[in-house]
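Two complexes, one shared chain (subunit A), two partners (subunit B, subunit C).
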Partner chain A sequence: MKLKMLYSFLKTDIDEIEKELNLAIESDTALLKDASLHLLQAGGKRIRPVFVLLSAKTGDYDIHVIKNVAVTLELIHMASLVHDDVIDDAELRRGRTTIKAQWDNQVAMYTGDYMFARALDYMTIIEEPIAHRILSNAIVELCIGEIAQIEDKYRFNQNLRDYLRRIKRKTALLIAVSCQLGAVAGKVPEEVHTRLYRFGYYVGMAYQITDDILDFTSSEEELGKPAGGDLLQGNITLPVLYALKNEELAPKIKKVHEYTQKEEMSLLINEILATDAIQKSAQLSQLYLKKALKELDALPPSKAKKSLRDIALFIGKRKY
Partner chain B sequence: MNKQKSSRWMEETLQYIKEQLHHSYLHNAIGAPEIDEKRLSLLLLPFQITGSYSELDKAYVSTAMLIQTALDTHEKVSVQETDSLKHRQLTVLAGDFYSGLYYRILAQIPDIPLIRRIAHAIQEINEHKIDITSKKLDKVEDILFSLMKIESAIITQVFAHRGFDKYISLAEDLLVLNRLAREKDQFSSDEHSIFFQQLAKISSSAPQMYHNDDLDTHYNLFTQTKNQIASKIKELEIPFESLKGSVFIPFFEAAVQPKIYVEEG
Partner chain C sequence: MKLKMLYSFLKTDIDEIEKELNLAIESDTALLKDASLHLLQAGGKRIRPVFVLLSAKTGDYDIHVIKNVAVTLELIHMASLVHDDVIDDAELRRGRTTIKAQWDNQVAMYTGDYMFARALDYMTIIEEPIAHRILSNAIVELCIGEIAQIEDKYRFNQNLRDYLRRIKRKTALLIAVSCQLGAVAGKVPEEVHTRLYRFGYYVGMAYQITDDILDFTSSEEELGKPAGGDLLQGNITLPVLYALKNEELAPKIKKVHEYTQKEEMSLLINEILATDAIQKSAQLSQLYLKKALKELDALPPSKAKKSLRDIALFIGKRKY
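After this line comes the complex of A and B, so read on.
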């Protein structure tokens, strides 16, 4: 089953958000509009808007209000992708040339800054101060997380706590606030929106751990990049942390640097796969998933609740 | 205006901004961000004249400085990729981090209308940055207008929000004057100057060909802007002791009639 099937009843509203995203990037400056459109047309799962809509369904659902939160979060995500491509020196994203490759770093920086400002502009339609406190804290934390990721590169003596804190900021936080802000915009009581925050946080953690596992277990064809790419770039992910506990393997892992040869990496990946690192990582991902599902238990039965549950399970089972 | 009081406001605000921007790893790796004290002195000018500066005002002024620092930091991301990858990565993230701080301060107050105003200013600034760097503008006035928006859109919004509308036009001229002075310095030391590059596009069919007239154009614009500033200072009855901020330096310096001529294209 495809992810989209799990929330097909939202199709009209998701189309509305897509339309709004197109309006959001309108600009009299042709190049800015072209660059933004270039990224928008590359598509994406729009998973954050989906979480916003589903969470909002737990309260007073008015698409004309909720869509502003959904557009905000997708624009923030898009702005971060444009800047990430400068950070990663990436030529391709979702099979299309990146803005930095199609134009240059400067255009990418201006486009990202423009999109971020557009996002905040949309967010100001929401007048609840708490919504702004939640989002602004998340944005700052997100940046700190990205900086920590660079600081922690090739730092093999980091621990599980470092890793979890990093993926919280890098991935889980934006999913968590997508859920929480959807609920805040739906004017639900605090108890419900903090519950949805926790649901999003746990799902996000499970999602990122799964992503980190797939970097080792998927083929180059499925990933669109060589397997083990994270380790090669110095990102110490959960499977690596577990594999580092193997005394024989640890010295070999610690020797990895950005110029390690492909053949050498393939051998190392096979050795990591032969340990229990993947299995233990999957266990932790499942544990987060279980916690996510438990948060949903207290919510009254609804189509939205079922979709949130199905999406969480889908994320837990995804193969690439 | 009490001189001691105004320099205390400057110091306290600067200290607060530095505390907000502090990130030890970032600063060790790429250096502490440069805080544009000229701009800060301009932001404080209406408060100095009115003699009142609250904690809320400090938050507004700091917010404007944080977002300006964010945008200035992103200006340092090189197109040519001459810096190291790590330096470039951290420069991008530093700018993102600083702009997140502006939103967080205003969200904590909370002041949603000012968040909106500044968001509009950032949009406008980036539209003009793209225009001025990527296309040929038709007239000298268009170049000046884009530079004015890039330099002053944020201050304009903060002044308007705080009810200091009468100082907006003066702020625009002062920031343009400072920008023109900077562009001339860059041009004179053979660094890239977007202003002179645009002038070259207007005056020559071949790009990057500078003309003697371009320096004259710069001189005329500089003088004209200085005259505008002088008449606005008079009109606003700004006391002489308020003109001591570093943003007034180009205003008090005599404009030099161009003597050095570059080779004709």
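After this line comes the complex of A and C, so read on.
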């Protein structure tokens, strides 16, 4: 079962958005276009546009309006990836060299800025003031989340709350807002768009926890980048937090910045996998998914509702 | 005569904006707050907020609304400075170490992102959809302008049009938009806010040309950074474009990337000063100022109109 099958009835509209994304990054500046295209062509799940469309389906669905919101969210996501790669000094993303690796940090910074600016441009088609307030608030939190991630690196005494707040800002909020803004653009009542916000928030939390698990359980080939990369960069993700409770393992984890050999890192990953860290992380992810599904209960039955449900369930089981 | 004297009747409101700028960058993330404050406290002319206020005075002036627009414009300007310093690898700005020098490129990138996000947040108080379209368009152009500046570095065969388009995107548009958005927030008729847009555009062009002249004619002490820095970094500004027409000087200018000694650079600057490059640049700046003043003619007499006129004239004569 592939993710795309879960919303196959949206295929025409998703294709339309893909076309629009290509138009969005058009520029008479060759460098800017090349760098943006480099990232766009690396693909991605386009999960945020899918959530925008499905949520809009709960209200008045006009693809000519909605597609702008979908493009906005995907461009903001892409812009944040480009800047993330600068922060993380990452060489690979989705199996491709990153913009910062292919060009340099400066080009990556400005390509991200440009994508971000274009995102705002697309959003101006939406006149509802509340939509702009929702989006700008999410962007502020996204930025704070990134800085917090720098500050929290190698900080081994952080707790679960620190982690949850970080992934909320880094991932869950933008997915929550994708759902909410699709619904707002579909002119649904407040009760519905705040419900979809909560659905997106819970799904986003589950999604990021799953991502953090996969960084340990997947192969380099599946990830498109080296496994265990999060920990190697000092990012204390949920599996690490649980593994740190193991008194034997904790001192080894705290020395991760000294590891220079790939073999040392593989060994540490295997030791973490041998604890209950992954299992406990997966349990928390499932808890969030349950909460997400519960939010959907109150919505009337529809193809869109079924898709939202299926995607949430898929995220709980995804292996890549 | 100091710039501030030209709009002394706005002092209370300018102080209010300064306070609001301090609030805007408040953050529970220490790194983010320190870095933002570092730049904020370096000061600056706050020329964009002044233009916002003065333009708003041509319509319904409500400081509680207008201040948000002023803060937005200043924050966008500051964010672009922080990112500029990454691009230019600059160590000093306004006589202080830059954020990228004091911390690093990554902190500078995210501090800029954060200020930018906060700027958008402040803007959401304005409900007029046209205001958001005007702003997002200017931001897109600002980003393109920065990338174009990288591409155009050390490109000695560029022409006047390339330069003018670059400074339009880099400086003039944001000043134009400061004037226009102040007026839009003041609910003036379209004819008035497009006129103020043009006024701001012409003033902005003159302002940047003057800046580019001062980079040659001012001392390191006055600039708060080394003189001739633009050329040393490969930025082909207007005085350089004119100096390149001098057949004897052109080959020396084209070798600027080889210059490693401060003395070599000083010598080159003196040779450029000995041509008509500065004079011709100043003439073009004056031409833009004339156009700016002409736009004001149609406005009814007011304190604000007088201030706008005085500031434009001041910019034509400023020595720092």
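Here is the rule we go by: the second predicted complex is superposed on the first by the 313 of 320 C-alpha atoms of A that agree within 3 Å, B and C clash if a C-alpha of one lies under 4 Å from a C-alpha of the other, contacts with A are read in each partner's own complex, and residues count from 1 in each chain.
FYI, contacts are C-beta pairs under 8 Å (C-beta built on N, C-alpha and C of every residue); 3 or more make two chains touch, one makes a residue touch a chain.
Here the structure is a predicted model, which is why all the values come from computation and not from measurement.
Aligning the two structures on subunit A places subunit B and subunit C in clashing positions.
Once the two complexes are laid over each other on the shared chain, residue contacts for A:Thr29 go to subunit B and to subunit C alike. Contacts of A:Arg169 after superposition on the shared chain: neither subunit B nor subunit C is touched. Legend: residue contacts after superposition of the two complexes on their common chain; A:Ile147 is shown touching both subunit B and subunit C. In the superposition on chain A, A:Arg48 contacts neither subunit B nor subunit C.
In the superposition on chain A, A:His193 makes contact with neither subunit B nor subunit C.
By the touch criterion defined above, A:Ala117 reaches both subunit B and subunit C. Overlap of the subunit B and subunit C contact sets on subunit A: residues 27, 29, 31-32, 83, 86-87, 105-107, 109-111, 113-114, 116-118, 120-121, 123-124, 127, 129, 132-133, 135-137, 139-140, 142-144, 146-147, 150-151. Partner subunit B is touched in their complex by these residues of subunit A: 27-29, 31-32, 80, 83, 86-87, 89, 103-107, 109-111, 113-114, 116-118, 120-121, 123-124, 127, 129, 132-133, 135-137, 139-140, 142-144, 146-147, 150-151.
Contact residues of subunit C toward subunit A in the complex are 27, 29-32, 83, 86-87, 105-107, 109-111, 113-114, 116-118, 120-121, 123-124, 127, 129, 132-133, 135-137, 139-140, 142-144, 146-148, 150-151.
Interface residues of subunit B, counted against subunit A in their complex, comprise 23, 25-26, 70-71, 74, 77-79, 81, 85-86, 88-90, 92-97, 99-101, 103-104, 106-108, 110, 112-113, 115-116, 118-120, 122-123, 126-127, 129-131, 133-135.
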